[in-house]
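Common to both upcoming complexes is chain A, partnered first by chain B, then by chain C.
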Partner chain A sequence: MSLRMQNNLLAIFMMPEITLVLLTTIILLIGLFQKKNSFSNVTNLSVIALFFVFFLIYLNREFSFASYNYFFKSSLLIQFFKSIVVLGSIASIIISKSYFEELKLSRFEIPVLISFSTLGMLILISSNDLISMYLGIELQSLTLYVVAAIKRDSIQSAESGVKYFVLGALSSGILLYGCSLIYGFTGTTNFEEIRLSLISINHLSLGIIFGLVFVLVGLAFKVSAVPFHMWTPDVYEGAPTSITAFFAIVPKVSAVAIIYRFCLEPFGNFYSEWSQIIIFLSISSMFLGAIAAIAQQSIKRLLAYSSIGHVGYILIGLASANAAGIKGVIIYMLIYVVMNIAIFSIILSLKNNNSYIEKISELSGLSKSKPIISLSIAIIMLSLAGIPPFAGFFGKFYIFIAAVEADLIFLAVLGVISSVISAYYYLRIIKVLYFDEVDDCNYQSIITSQSLVLLICAILFLSFFVFYPSVFVTIGTTISLDFFQ
Partner chain B sequence: MTEWPILTVTIFLPILGASIIFFIKEEETSLSNIKWAALLTSIGTFIFSCLIWLQFDNSIAEYQLSEKHQWFTDFNFNYHIGVDGISLFMILLSTFLTPFCILASWISINKRIKEYMMAFLFLETVLLGMFSSIDILLFYIFFESVLIPMFLIIGVWGGERRIYATFKFFLYTLLGSVLMLVAIIFIYQLTNSMSISELQGNFFSKNIQIYLWLAFFASFAVKIPMWPFHTWLPDAHVEAPTAGSVILAGVLLKMGGYGFIRFSLGMLPEASEFFLPLIMIMSIIAIIYTSLVALAQTDIKKLIAYSSVAHMGMVTIGIFLVNQQGIEGAIILMISHGVVSAALFLSVGVIYDRMHTLDISFYGGLVNNMPLYSVSFMIFVLASVGLPGTSGFVGEFLIIMGAFKYSSLLALFSATGIILSAVYMLYLYKRIIFGQMSNVKLKDILDIDFREKIILYPLIIMIILIGIFPNIFLDPMRLPIELIINNYEFANAK
Partner chain C sequence: MIIYTLSFYLFSTIAVLSALMVISSKNSVHSVLFLILSFVNAAGLFVLLGAEFLAMILLVVYVGAVAVLFLFVVMMLDINYIKLREGFLQYLPFGVLLGIVLIVELGIAFFTETFSEMSLVEYAQMPEITITENTKLLGFVLYTKYFYLFQISGIILLVAMIGSITLTLRQREISKKQIISDQNNADASKAIIKKKIKLREGI
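Entry: the complex of A and B
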């Protein structure tokens, strides 16, 4: 490959990120100098900008190499996760628009901050170096701290922001310490060079193991795996629901992508060193997510624990460390994001007696006045619980295939058992919807046409995945083969 | 081979009906439209399933009318369906009972009729799909999907303790069946095949078979249900609406027996041989213990529920005898029990609709006001006991005959079950139908009306038909059963 061509490719490679920076800055300026309707305009512009970025990612999906002094890397897996992140951000901006306006929180900074956070995630996903990884995490997290506390006059929102910030900063510190240990013992920060420097040794030295563990702890905090999950329920509950939607849909994807890449790329040869940690994180997340959610009264807390449980399943794919695991996580992430978009688009549009629904019990009798919406909720819940024929089942199915293929049958068995426990609290929502009878309810659903389209698409996806799995499965197969070639 | 996919059409016809109902707005005036749409769909499905029976060739042991389409591109999972002599009657049983379920709910269900009918039709599709799947993953998806409509049917339209009952039902059976999922994946890893017909044989070493067998056993033993996994059944039956109990006892319990024949015997013969004593002991306990429990019940539905467990004990004995009489008897008993227990629950529904109680001591002397009802109930009771000439006799007779080949002690115990069933059923009959009408509330009770006659009389005809001409039902299943037995004996070097 000639040098000139390489330079061209380099330019193309970071195009989505560069474009996103430029566009977001311009949008920020537009918002700053516009007096009227700034929120609405900035929101629409951000959505368009993110769509454009998605388009660029899609165009670049075939290029796979490292660039910018090997700081960043590109492969099919990375491009897939990037596109999921961008699409998830678009969806969460769209579904939360009317909620912000209703709550008089229509500040134009919010979509801009979300865009910047998305930028951080894109950098994080494609990072090929400990330093760029840290930079990505920090860019992502800093904006998340701000949006969590965006409702300034609410004590809860401020509390969740502060809590998230303190714990997040702690975990970043641990992560950074781990990075420095790895640098100290290998002499490099580059993923590829770390792998090469370790290729000749059979056992990692104690220092590198410490570094590895610290980095994994930091990343486990970001994916909110047990025992580093404490922030999740509080932040989910305290933040405004639209921000919770963003938290639930997007940052998980980037964190999962990087924890997969960190384990499988630089430390791919040292499966035995990190697999125990991942297996422990996975089992404890599945079971704590399932058991702690049972007693929850608030929908947002319940979804927080549910997301912790889902992280447990996602980590089974990592513990399997095979092509089936990569395929499983790709399918699982896709379905997980769609399920979250669907459930939050409903929560963000549903009002009972003129206030947004926060408690599970407030949903009682919804099936009488809003049969279609409650049917949708029921489908989402069954899908989250992994009951066939809904899409959620196939996510779990592919993860369990990976586990069985990797001889981790006990992990698959524990996974199915915890899925039975978690089925209880998903069913409890269906129970409230359909079995409880309440007369004094006055449900309104204010849903914008864009989020209605999203919701319909998501529900159709979840219901009819069983008929056409091949489309998505093929994507997973291609990416997993590419990753392990 | 037909040109058009009759099996797929039959399976998805109820869903089509459900989606039509989905678009009917639920109003006072449209309620009867909804009911009629559901009824006609279910009758149409029954007619289609009869067409399948007409096209069925008794001289083929393998699957017939099969359809195979690629479903997943990356794995060898296919949309592969077909019928053989074993599944044929399970399909017919489901399509036969669903119209009665809908008729039985005509008046007694008075809220959310639209959702109710949709749930029932969805349930029918799922059941048909499950019994005709040749792909194990497809089977599993249908097998678990059954839980969704049943959960709603018990939970929304059930009795007072419906929420407890429906959660127990759902979680209990889900816990059983998820282990099957791991077993299915494991089988796929070992053989790279998901086809039930390809996997019939002895493909796994005995050690692996034992684990797989236990995983399958967990789901089928809960489903059928065997003692001691039966505790969900009485709760679910008591709280379910009449039609829910009918489909639960009539078809859902048969999923377990069907699974035992297909998976445990067909795929894991060595492990089945290994666990045979366990099954026999559990079945004998089930027969005697649950019969005695049934005797002590004060709730009619609970009594019938426990009698179901006892009858299913007979079925598991029959299946695991692994001889021609045993398995034939088990399947015939499953069909017969499907019809008879459905008939019993429908009869109970008749008096429940009038008096809204299931307490046995509330009733008494019904024969004075309800002669027609008493006669038909008598026939159902006798069929449940296994009187010669009714359907119950054929199955029980064949099973006891098969049991003699295995051990006369086993035959003795299974015969005890029949005697006990006569005790509790006739005792029930005596308390409800005969005696003085002491309860003043019963004075004005009316005999069965036209709709109830339509429900009960065909069931009587069916019971006697099976009892007198069992060969219509036995002929198609003979060859597939022979196939399973040969394979089993070959694997265990008998």
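Entry: the complex of A and C
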């Protein structure tokens, strides 16, 4: 083997996607041929593999293979979103391990499927072409459909899987139709070439606008923005809670990344064409997320509506379409992922009378028996509501600044109003925790040491963000400058 | 050229007529068979267009796999088709309305210039017409330029396989499996036990 070949081989293995495929396939085989403890071993191995992939993404060795650059792109923004996706997957695998074992759902395919889904998200985030974008979405969603229905003996889980599958297939069809229209009217599927071709045309014809709208609708399904959010509460409620945790933490990040890149890269010069759609999606998501969550009794449904609301705030950053918007979404996304990891690590470990907590009312009186855990929940809820000393406030703050800078003051005002409305149901949980009458309750917390470490880190991050926002602001500024250079 | 035109009209007439028979025949098995006939004729139309790879794929995938699977499903399921047809008259006006709208739209597209304006289709590119057959051309780009997409499609198929096995495979304790190594290791000394049986006692 010559030195040149060795170097080439090394360069191939330095590519996070290739390494992830190889490691996941090996882990799949290990799980298949192992008789005992296959779930536990495969879970640990997947976490190690994903950590390895994270370091590869962080190192970001420049690679230029034959024609990957045509379909595949790397920039600071992409690198950032990819690392958040991988870290989110690691965290969701860690916090859900004991839950799967308790529910006798310990099948080694689950971590393997989650790794494949992560792979799909990496492909999606760094796609530079309509076809690779579509394939990334399909790889990501196909695994999500399977894991949503993984609890085979439960009707709800099967229902959520089927519902997700049907609506996901519909949205993929719409997306593909949009892609075909864009291809038909520009003659190319590559993002960069679409941009150049659109600049040469200098106006969007009816067909391209149709294509743009269809693609945005397809992507809005994936980020679950209103009015394409209907699947979210049902799927979140029906799927096993650990899968819900994965749904809430990770796929949102990749979908948000691609909707940002799709609007700002190929259609970056046609702000007025897509901004109305994004502003509408943003306002309706914020308000539906805030109002519909008020009546919810189930924690999972509440978190589903809460995530719809958060998507609304995230889209404000896109509607602003400036460097501050990118900076805001970077900070917001990071904080959103950390908040979800924290709340799900608690939900996945808290039992009342030997069953996992599903309803908000079951939390009553938790503060008496588990003061530290209920304090953590309170901190997370205040942070989700965006109340000042906690991290969630800063996410919203930078997003609103971006909106004001882009002369979208009404959007910022509406955002503040909806976040005041949503504060009601976040604070209601704190009220249930601390002031409600205690029935017969027998709380147990069976948190594993790994997820305890994660939880403590997340709580510290949320509580003390106020002292070091400059670190993340610097990261955000660097990335946004790199994006808009 | 006459043969070309003749075969075009042959294929397209049979395709349209068999498509009509798909929805009008009483027996659902006949419907599926007409569907297959329609697919075969569509494949013929593709050959006339010079897209022979697409034609073969249509035959292999749709006729070979999908339609046959469909036929099995239709034969296996005992669906009461008379009941399905009951609402036909009720929805007839709506269907006729949709048909009229479609015909008017097609007429507008065909007889007026509205949709053939330059501004709409100006930028669409036609693929190069070359002498080489398009299967070969596809092969050239599939493993070179589009290798990345080809690999991702492979992974998607792998995930589909893992997913369907995960969701449907149930380990049955009752079913007996063949364990080759055990069979090979078996010999007479393990399989046959000699016992001395006393008279009038049995085992």
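Throughout what follows, the second predicted complex is superposed on the first by the 460 of 485 C-alpha atoms of A that agree within 3 Å, B and C clash if a C-alpha of one lies under 4 Å from a C-alpha of the other, contacts with A are read in each partner's own complex, and residues count from 1 in each chain.
Following the convention adopted for this analysis, contacts are C-beta pairs under 8 Å (C-beta built on N, C-alpha and C of every residue); 3 or more make two chains touch, one makes a residue touch a chain.
Remember, it's a predicted structure, so these values are computed and weren't measured experimentally.
K.L.:
Which of the two partners, first being chain B and second being chain C, lies in contact with A:V473: first, second, both, or neither?
P.N.:
first
K.L.:
Mind working out whether A:V404 is in touch with chain B, chain C, both or neither, as first, second, both or neither?
P.N.:
first
K.L.:
Using the superposition on chain A described above, determine whether A:Y99 touches chain B (first), chain C (second), both, or neither.
P.N.:
Neither partner.
K.L.:
Could you say whether A:V420 touches chain B, chain C, both of them, or neither, answering first, second, both or neither?
P.N.:
first
K.L.:
Can A:Y356 be said to touch chain B (first), chain C (second), both, or neither?
P.N.:
neither
K.L.:
Going by the contact rule at the top, pick out the chain A residues touching chain B in the complex.
P.N.:
327, 367, 371, 382, 387-389, 393, 397, 400-401, 404-405, 409, 412-413, 416-417, 419-420, 423-424, 427, 430-431, 434-435, 466, 469-470, 473-474, 476-477
K.L.:
In their complex, what parts of chain C are in touch with chain A?
P.N.:
Touching chain A from chain C are residues 119-121, 123-125, 144-149, 152-153, 155-156, 158-160, 162-163, 165-167.
K.L.:
Contact residues on chain B for chain A in the complex?
P.N.:
70-75, 112, 115, 140-141, 144-145, 147-148, 151-152, 155-156, 162-163, 166-167, 170-171, 174-175, 178-179, 181-182, 185-186, 188-189
K.L.:
Looking at the complex, which residues from chain A come into contact with chain C?
P.N.:
Touch list, chain A to chain C: 21, 25, 28, 66-68, 70-72, 107, 109, 112-113, 116, 119, 123, 131-132, 135-136, 138-139, 142-143, 145-146, 149-150, 152, 184-187, 197, 201, 205-207.
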